[in-house]
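I've put the structures underneath this note.
Presented sequentially are two complexes of subunit A, the first with subunit B as partner and the second with subunit C.
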Partner chain A sequence: MNSWIKILLPPAAIIGPAVAGYATTYLSVEQAQRAIFPGASFTAATVKLTAEQKKAIETASGVRQRSDEVKAWRVSGGGWLIVDEVIGKHEYITFAVGLTANGAVRGVEIMDYRESYGGEVRDPKWRAQFTGKTKAAPLKLDDDIKNISGATLSSRHIAEGVRRLLAIHAVALQ
Partner chain B sequence: MQFLSKSLVRASRRSLGLGGAIFCAVLATATESQADEHLFGWVRGAETLPGGHADAYQFFTLRTGKAAGRYEAWDFDTEVEYGLSDKFQLGVSVEQHYFDIDNVEELDNQNRYQFGGVELSAKYRFLSPFKDKIGLALRLEVAYLAQDDVAGIEQEEIDVAPELVLHKNFLDDTLITHFNIGGKFAWGKKPAEEYDRELTIQGGLGVAYRFAPNWFIGLESHWRSEFPKADFHEHSVIFAGPSLHYGAEKWWATLSYGYQVYGQGIDEPRNGKTYAEEARNEVRLKVGFNF
Partner chain C sequence: MPSRSNSGVRRARPLLGTIVEIALPGDGEDRAAAIAAAFGVVEEVQRRMSFHEAESTLTRVNREAASMPVPVDAWTFAVLQMAAELHRDSGGLFDIAVAPRLQELGYLPGPRRNGAEGTFADVELIATEGGGTVRFHVPGLALDLGGIAKGFAVDRAVESLRAAGIVSGLVNAGGDLCAFGEAPFPVVIRDPGNPGASLLTLELRDAALATSAHYFADRLAPAAPQPPIVFPGAHLASTATPLPRSVTVHAPGAMLADALTKVVMLDPAAAQAMLRRHGAAALLVSTDGEVMCTEDWNATLHVSS
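Up next is the complex of A and B:
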């Protein structure tokens, strides 16, 4: 029995904390709103997408629209804030995108990032690449968006997520 | 489970020494990063470590079941890898075995630890599975094996094993496929085997689906055919079975099972199984850390 304990101790020591769960929340919705639109007020305007809208979003963005619901807020003075998720390597990455009244990206904030590598997606310089992008932008890695080594999947999915939210704005928020 | 406990306890007393020490050292230094995560027990993907980062694995493999008698062979592989660049990584591993064999044809009864050998590996990624249409990597292993993995018989094997790795993702990277194909050129297999040189053609195929955050379930198959002196067919075997993978922020683990679905060996009954150098079942647990 003692030998069994010795053998099982290392994996148990590792698995225990992991099973208990780990999540890093960097920003709440309110904090993301204030970061992108300082001083503005927000009106919740959650949108339920129709099948036709989902198809139009997927056609425009080239990205699958998984959810039927869009968590959006109308910003005082014009513009929108949308909170959404993309698939990370292990878990979902929650992010917020602020759009100007003209449909250009005002800012991107990473709210939850639980991956073990690629925390650079929270780097302001990397996120600044999205500022000013419109639905006409490619939003592709190694094109107008720089890749992050070791976190290519996360980088690509965030870029695709922004592209999809720009399509949502064009299809369902105007 | 009794057969597992007896041999594993014995194995733990001796063979886990070196690998365990390395493994614990790795645990103590594990921090954050993640790449080259193994979704399968035997089949590999095309990802590589980011430059300047390292990872470490501990493999526990149990091979059990022959035509008759009791055969339990444990393999303990401890591996450390380092990314020289975002596309190129090097690795070194130590292989150890523990054999619990009783009344198996042509094998000595034994209950003992055996040092296996050391292995160096290099992997270069040409195409990324996340950016390109398909991931492509070339992997090369060079090994010195002082004892064979069938029964720990002495040898002076040096082998070189190039492998092509293909990796394709679907459905927003939630459905993942890997395909490996390669060869192994071995010298110095006497006296473990009758002939000194051997060519092995080997490969594998795996399909995994992310059914929940952190969790992948999959099916994999791996196979090999061996040709002594690169001259005649000695045996071929195909294993297939399920795999389960959990990936967390700082570590991951994969449990895989392979059943010998087909085998054929020279001078063996033509009954769809080969046991001279293979076992009926293979179970592998991998635990990996990135730091």
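Up next is the complex of A and C:
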């Protein structure tokens, strides 16, 4: 009664569809804008960072600022929406942060999540294939998109990313 | 295998130290408000039960409960009561008072606390109107709800979605997930030996599933660090026992599933009776990589390939 039963998984289950390329797109830029600032309108205001600004951002946030460019939008009625990405050991996440006119975080939405255990995450070419993929495509909740029990990720990198965006706001979006 | 293709909506936010995902199948009217409300509920759980936030209810309990009874809200009290029940039922194996050891191991922030190594048995809970009070009877105690609050948050999010009229969906907080409604949801359980691959895929319907595992993500360094699951003080002698690599529990609710993974992880044999009592079933991957399950596992879930 109190014993565990050893099971032999059918070969199909063992081989299984690999989650190595596990990827989910949640929101397009436009959907992220609507989710964080419903009813607002947005004006693109991409910012090029100078070397000094990058250094100031890194000093203020304690996080490395990789990109020279900040994808930002001015929000009608005040505030900013910034789209950025974080790169973990095994994951590559695009996310949007809404800031109020005072620079407080209004909302954080994950736009895109990609996972790899093949070491590709830090390869710019691997990441480049996803650039611009966050379009408004209808999502399917079938076998294409897996729900995973037993996640290995933590949101630490996203927390660092948000801290970095707050520093970007202070340094370059005033 | 007929695969029902549903268009749907899927959202994710960084919460509870992981990524919390809400997936609602099918078309429907704009469900953004229901999803936002459900995320709001998860945020509220985080505000109250986070060990990391200086202003959380839990942090106040850990700071003050050794000197006075600390009043807590109904949600926090419900989680503490469940923790107390599981602590009793497991003979002390499920113990949320292991926070000082987790701090020592670097899994939780904060200075190492010096003082008596108490257990959850040294915590007194008294129900009051609208919640309860918490009192520590030994100094140096600290509680961590990391092994149970994620599941609780998932249950509350599901409740919130249902209250908003959503009939089917799935909430997943870093592997602690709950499906509700008639639709079956495919769920992949990771292979603990190779987290980039799936161990198996299940169909989950109107129930919760939680997985606790320590993954050997780096196969070049198989000497993985100790997982953030530790034996409570009275059971320290068992520390030498190698833990299963991965434990998955199927239960009626996510809080239960979340908490029971820890009991199974620490004592698979003794956990069987508890699993049955709570209407739960479990699957584990042993240290040797063998996959084992409880008797009723197959009746509850079937493997889809």
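Throughout what follows, the second predicted complex is superposed on the first by the 109 of 174 C-alpha atoms of A that agree within 3 Å, B and C clash if a C-alpha of one lies under 4 Å from a C-alpha of the other, contacts with A are read in each partner's own complex, and residues count from 1 in each chain.
As a working rule, contacts are C-beta pairs under 8 Å (C-beta built on N, C-alpha and C of every residue); 3 or more make two chains touch, one makes a residue touch a chain.
Being a predicted model, the structure only gives us computed values, none of them experimental.
In the superposition on chain A, A:Ile110 contacts subunit C only, with no contact to subunit B. In the superposition on chain A, A:Asn147 makes contact with both subunit B and subunit C. Applying the stated contact rule after C-alpha superposition, one finds that A:His90 touches each of subunit B and subunit C.
Residue contacts after overlaying the shared chain place A:Arg64 against subunit B, while subunit C stays out of touching range. Of the two partners subunit B and subunit C, more subunit A residues are in touch with C.
Residue contacts after overlaying the shared chain place A:Val75 against neither subunit B nor subunit C. Residues 4, 6-7, 10, 13-14, 18, 89-90, 115-117, 141-142, 147, 149-150, 152-153, 156 of subunit A are contacted both by subunit B in one complex and by subunit C in the other. Residues of subunit C touching subunit A in their complex: 3-19, 21, 23, 25, 32, 36, 170, 172, 174-177, 185-192, 194-201, 204, 209-213, 215, 217, 246, 248, 268-269, 272-273, 284, 290-295, 297, 303, 305. Per the touch definition, subunit B reaches subunit A in the complex via residues 5, 8-9, 12-13, 16, 20, 23-24, 27, 32-35, 37, 49-51, 53, 86, 128, 130-131, 171-174, 210, 213-214, 246-251, 253, 287, 290.
Listed in rising order, the residues of subunit A touching subunit C in the complex are 1-2, 4-10, 12-14, 16-20, 24, 26-27, 34-35, 38, 89-90, 95, 108-110, 113, 115-118, 138-143, 145-156, 158-159, 162. Of all the residues in subunit A, the ones that touch subunit B in their complex are 3-4, 6-7, 10-11, 13-15, 18, 22, 64, 87, 89-92, 114-117, 119, 141-142, 147, 149-150, 152-153, 156-157.
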